[in-house]
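Pasting a structure here, questions to come.
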Amino acid sequence: MILAFFALSGLTVASALLVFVARNLLHALAFLVLSFLGMAGLFLTLSADFIGVAQVLIYAGSISVLMVFAVMLTPLASRNNGSTLYVIPAMLAAGGLASLIGFVAIDTEWDERKGEALGVSDFTTTVAGIGDLLLGRYLLAFEVASVLLLFALLGAIVLVQERRRAGEEA
Amino acid sequence: MPAGPHQLLGHRVADALEAALPGAVIGRHVEWIEVRSDRVRDVLRWLHDSESFDAAQLSNLTSVDRHTHFEVVYHLQSLDLNHQIVVKAIVEDHENPLLPSVYPVYKGALLQEREVYDLMGIRFDGHPDLRRLFLWEGYPAFPLRKDFLSLGQITGKAVNPGLQRFPFEDKESPDRMLNAGNIVTGEREASAGNAGGSAGAGH
Amino acid sequence: MSEQPMRPATPMLRQIAEHRSLLQRFMGVSKEWKGFALLLLGGLGLSNLAIAYVVIDGRLDGQWYDIRDLGNVTQHLRSWMQDEGFHPAVPYLTTALLGALGILSVVGGWLLIGSWVERRVLAKFQIRQGPNRTGPFGLFQPIADAVKLMQKEVVIPRVADKFLYYAPPVIIFIPAILGWGPVPWAGKMSFLDLNVGVLYTIAISSLGVLGVFLAGWSSNNHYSLLGAMRTVAMMVSYEIPISLALLAVVLLTGSMQLSTIVAWQANYNAWLIFLLPFAAFTFLFASTAEINRTPNDIGEAESEIVAGFYTEYSGMKAGLFMGVELGNAILVGAMMATFFLGGYTMFGLETWIPGYLILAAKIGAVYFLFVWLRGTLPRFRLDQLMGYAWKFLIPLSVVQVLLVAVEASIFARWETPALFPLAAFALLNLGLTVEMVRRWAHALGYAPEVAQQQPVMATAIGGLKAAQKMRGG
Amino acid sequence: MPPIPAIEDLSITLAHYLGLAGTVFAIGTVIALSKRNAVAVLMGVELMLNAVNLTVLAFSRFSAAFEEGGSAPLEGHVFVVFVLTVAAAEAAVALAMAVLVYRRRETVDLDRFNLMRG
Amino acid sequence: MNSTAEPYVLNIGPQHPSTHGVFRVRVVMDGEVIRDLDMIVGYLHRSMEKLAEERTYTQNIPFTDRADYLAAMSGNLGLALGIERLAGIDVPERASYLRVIFAELQRVASHAMANGTLVSDAGAWQTPLLYMFREREKILDLFEMTCGARLTTNYMRAGGVSFEPPAEFWPALNELVAELPGRIDEYMELLADNEIFLARTRGIGIITPEDAINGSLVGPALRGSGVPWDLRKAEPYCVYDRFDFDVPVGTRGDVYDRFMCRMMETRESVRILKQAIAQIPPGPHKNDVPLALRPPVGEVYSRVEGPRGENGFYLVSDGGPAPYRFHLRAPSLINLSLLRELARGASLPDAVVTLGSIDIVVGEIDR
């Protein structure tokens, strides 16, 4: 368990760093997918099986492909992964943020359950519970989310259509 | 009688052409008609458009090197009337042969004229895409001309002026212009020993 | 002279005339050898019958040495290790490694057998012999191929992106192995019996996309890139029909666990292919698109883009791609068998013969179907495939999901024997599927009677005027 | 500073997860703030969202209610489901916009977007 | 797919599965759509026309084998007819029948090859190709029995054919002719109603009859466009005027029509074969012709309907033993005149199928 946590977190953080360092946007994308997969593993250690698998499906499987298409639709010249001049202030701000979060995390007395994060006994199914909640208490939010997805779909289609028309005029 | 079974008599075609396009026909034969090279597109267009000749298809286009001049031979086919017309354009200029392309009349002339240009070196004015077809750009000669190689031929003709040896593609050269020294025009005798030596080494 | 049989005139005809079939050759061997072979076969059969009797008798049931379900063995091993007082991680790790080893060997064995079967069966379809020189019936041909591929030099394009060029063969191999995790081979014989098994399957299958894309992109070849973009577009599109088809399965069986789905089918003695014919068809068709098999192999369409995304790979790297393609076909066979063909069960037969053999037989049947399709059908075009997914499969699948939801809710409230509602659902679904497909296809402008217009026979020749006359008349 | 515990005594607590999430969030922030390419910025945003998801799941997992009740508290999971949904929608629209912006302005370099400067 | 991406150049060939030889096309692509196309040929150029000017007429017959190596008999026949007309040589009747039989067999074999590769281009993994190879193999066996060669037959001569077929030829031929209609029905069943094949070929690569005539298309490419033109009927050479056969003509001019025209022409060939086998008279297979033939001064353009269309031979004689000018009208090359117009705006798979339906033989293109 300890091993799993540290291996997965090491994988996640290292790939996230490599996303920042990588020169080529597609290399960065590959590392990003690796980071997503590590994150999915971490979710599994938190006995979130549904979310873990959904993470693989949505992030590693779909959003990365979307990004691939976005990268391929832009020309070769803009496929570098360069940084702007804001990199130093950004790092400072992020460092402050990280230390703040870490400080809060360590300093607070959490009302938490101690012990190993993953035992066999408490790796129960979460799917049925999530389904009950989604179609029960959070039905409204569920519907709103589906409407949001629909609008995202329509929005993307509208953007694409506008682009095509602009291309025809030009 | 080597004429085809459905070949129109040259005299008939020539008479009709004489009436429609005076001065275009410069020779008539029982099998073919000879036309001026600069009028060939008009002649073919007229034959293509005319009801009684209906030369709908250019079934064959080729050329013959007659040492002093070129003949460009057009075999026209009427599918509806099922007859064949042979038109020969006489290109007098053997050094720099040029005649109008018939591509505007027959789309099928596209590759056939390229082939004639490639192998016989006859340029077609108005062709949309006149490049070498089989041989590469910069090939130093036109192989189907009778003076392609300076070697003797078994037909008993005299030794022609031409290339000393068969040319090869020079991949090093950026534009693939190859062994320019191969082309021998005036000073052939002067460099004959040298070139002959290289030809011998080549074999 | 005419009485004598004529000697075939050409060497090839002579060879054909002198060829003897295997049966003829067997009949030609000496009596002793024939008797020996028959004795051997008979002994094998008798011993098998004896074992079968012991198994049917029930004396082996529940014991760890009951090989009808290898899950018994691992469970026995695990409980033994727990009793012995090892560190709590050790029994789990041991059994997990054993299971992983089992999966790897099964996949490896399938790769060897599958490539032989594909080549051999395809050869029979194409009236040729196929591999027949290496070993009996050419059975060692896959091994020879593997050795050859490993020996070959790996040529790396100078302009390739080295880092990303090396990764894809490995990247796409991982999901091909991982996908075997939740497949139940017998009642207790499942490596990773996830309760989100269906979702896991879909998620794993979506991972291969990136490997394919990186392979195509990093090769720096237009054919590769074209194949990769085709494959990526197709895989992304066909994930939706697959998800919808599996959603119908999940709705009806009420579980995302693969073992539960199989148990449901065994319980009601109803394979889901009878209940959900359109879902089964959608799954099969979309799977062929996902794994690049004919008639949807446009990602590596040989006659158009040479070898698609792995054009620039050579040696064992190309071998890995081909192996993954084959392994995916077998994995889809397993999924198809599990979801729609009753998995390791066969109407009660699984109590007699091991379930994994039944599953293997079903995988083999689906794989044979794939080979058959490959030997028969031409290939679709990219836009046709995309249109087929978006205009045809997805709308009809949505309708089917709605229908199945209603049926599932009825079924959940049904008290008396399940035979009647299931039979009714099967008939209803089949009829509605046929009708829906027909109407939707016509609505999309499908008109076979126009498309099959044959050429006409002309007795007289002519040119443009004749053509216009024939066309007008 | 407390002494570092031996590896046998170490147990993974909520603080570990929170620290990890903070680190990933920080990296995501750096990427989102400093990258020039619009797609790279989106990668940073996705990393930040992932970190948030990890935090929520950790809180859900380590909450006291998990131990007490028979049913696990799945509100956190539901929250993550919504985050995933919104992330997918956001990625689709944002990438479509990136492509559109490239079509219009021939670049995805965020430094060059100075429409508002007037 | 990504139709707004920047155009790029794709180099198809000279080594590519669907170019049927060393044919090369440089294609400017925009996503999957072809924007422009430039064909580059000449990788197999052997300068036959030049070489022929130094060989006697009989020595030139093997060149016709090597030009269209999938239809050697038709090439042989065209040149032999040309030489005969140029020199005024008569042919025995049996030789004419034998010529018809072999030319039609060659047409069946060549069409089998063409249709098989077309279906292969459409993506069927070689199965139809290998099925059609079965019949082609039998036909090539017949060739091998008769003249010893399978591809480069070198069979027709000025004044007849080189060999009388052996005794076992006729039963084998009868057997083949008896089983061919069934085989053709089998292929029709497999392909003519195949939904995927229809989807891939219907409405693809449409050539209008006007374009087909104006673009000098011949053979099945012309007939697929709806023009009922066949030299066997228009200018009956050999004894074709004694046989009863029809000309299949397409209705739309697309790839499917060209495919089906070939298929049905195969049936008509079987009809002709049956009639020819029934009618063939006894007699000599060859007239004596001097080896070093010296035709009178003149020129001739002889043509036959080969599997790919009008196989023309333009011979100019200056009275010597070798032709002064020897020109092959290559239907494969000239049928490609419209390739650029057909391919522009089509997608890559459509272009591949269209190229396959035009049925090129690179040996004939390059000569």
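Should a chain be cited, it is by its letter among A, B, C, D and E, assigned in written order, with residues numbered from 1 in that chain.
Here is the rule we use: a contact is a pair of C-beta atoms (placed from the backbone, for glycine too) under 8 Å apart; a residue touches a chain by one contact, two chains touch by 3 or more.
As the structure is a computational prediction, the values presented were derived from the model and not from experiment.
Asker: Going only through chains that touch each other, what is the minimum step count from chain A to chain D?
Answerer: 1
Asker: Most remote chain relative to chain A, going by C-alpha centroids?
Answerer: Computed centres place B farthest from chain A.
Asker: Decide which interface, B-E or A-C, involves more C-beta pairs in contact, and give its chain pair.
Answerer: Between the two chain pairs, B-E has more contacting C-beta pairs.
Asker: Based on mean C-alpha positions, I'd like to know which chain lies farthest from chain E.
Answerer: D
Asker: Which chain's mean C-alpha position is nearest the mean C-alpha position of the whole protein set?
Answerer: Here the chain at the core of the arrangement is C.
Asker: In whole angstrom, how far does the Cα centroid of chain D sit from the Cα centroid of chain E?
Answerer: So the centre of chain D lies 66 Å away from the centre of chain E.
Asker: In angstrom, rounded to a whole number, how far apart do the mean CA points of chain A and chain E lie?
Answerer: Centre separation, chain A to chain E: 61 Å.
Asker: At what distance in angstrom does the C-alpha mean of chain D lie from that of chain C?
Answerer: Chain centres of chain C and chain D, defined by C-alpha means, are spaced 38 Å apart.
Asker: Roughly how far is chain A from chain B, going centre to centre by Cα mean, in whole Å?
Answerer: The answer is 70 Å.
Asker: So which stretches of chain D touch two or more other chains?
Answerer: 103
Asker: Of all the residues in chain E, which ones touch at least 2 other chains?
Answerer: Only 2, 4, 213, 227, 229, 234 qualify.
Asker: Going by the touch rule set out above, which residues of chain B reach two or more other chains?
Answerer: In chain B, 56-57, 79, 82 touch at least two other chains.
Asker: Under the definition above, what is the set of chain A residues touching chain C in their complex?
Answerer: 24, 26-27, 30, 33, 49-50, 53-54, 56-57, 60-62, 64-65, 68-69, 72, 120, 125, 127
Asker: Help me check something: in the complex, which residues belonging to chain E touch chain C?
Answerer: 1-2, 8-11, 16-18, 29, 32, 119-127, 130-131, 134, 137, 141, 144-145, 166-169, 171-172, 190, 192-200, 202, 209-210, 213, 223-230, 233-234, 246-252, 257, 260-261, 264, 347-350, 352
Asker: List the residues on chain E that touch chain B in their complex, please.
Answerer: 41-42, 45, 47, 49-50, 53-54, 85-86, 88, 211, 213-218, 227, 229, 234-235, 298-303, 310, 312, 314, 316, 318, 320, 322, 324-325, 327, 329, 333-334, 336-338, 366-367
Asker: If we count contacts the way the header does, which residues on chain C are in touch with chain E in the complex?
Answerer: Interface residues on the chain C side: 6, 8-10, 12-13, 122, 125-128, 222-223, 226, 229-230, 233, 294-295, 297-298, 301-306, 374-384, 448, 451-464, 466-468, 470-471.
Asker: Please output the residues of chain D touching chain A within their complex, sorted ascending.
Answerer: 7, 10-31, 33-37, 39-40, 42-44, 46-47, 50, 53-54, 57-58, 60-64, 66-67, 71-72, 74-75, 77-78, 80-82, 84-93, 95-100, 102-104, 107-111
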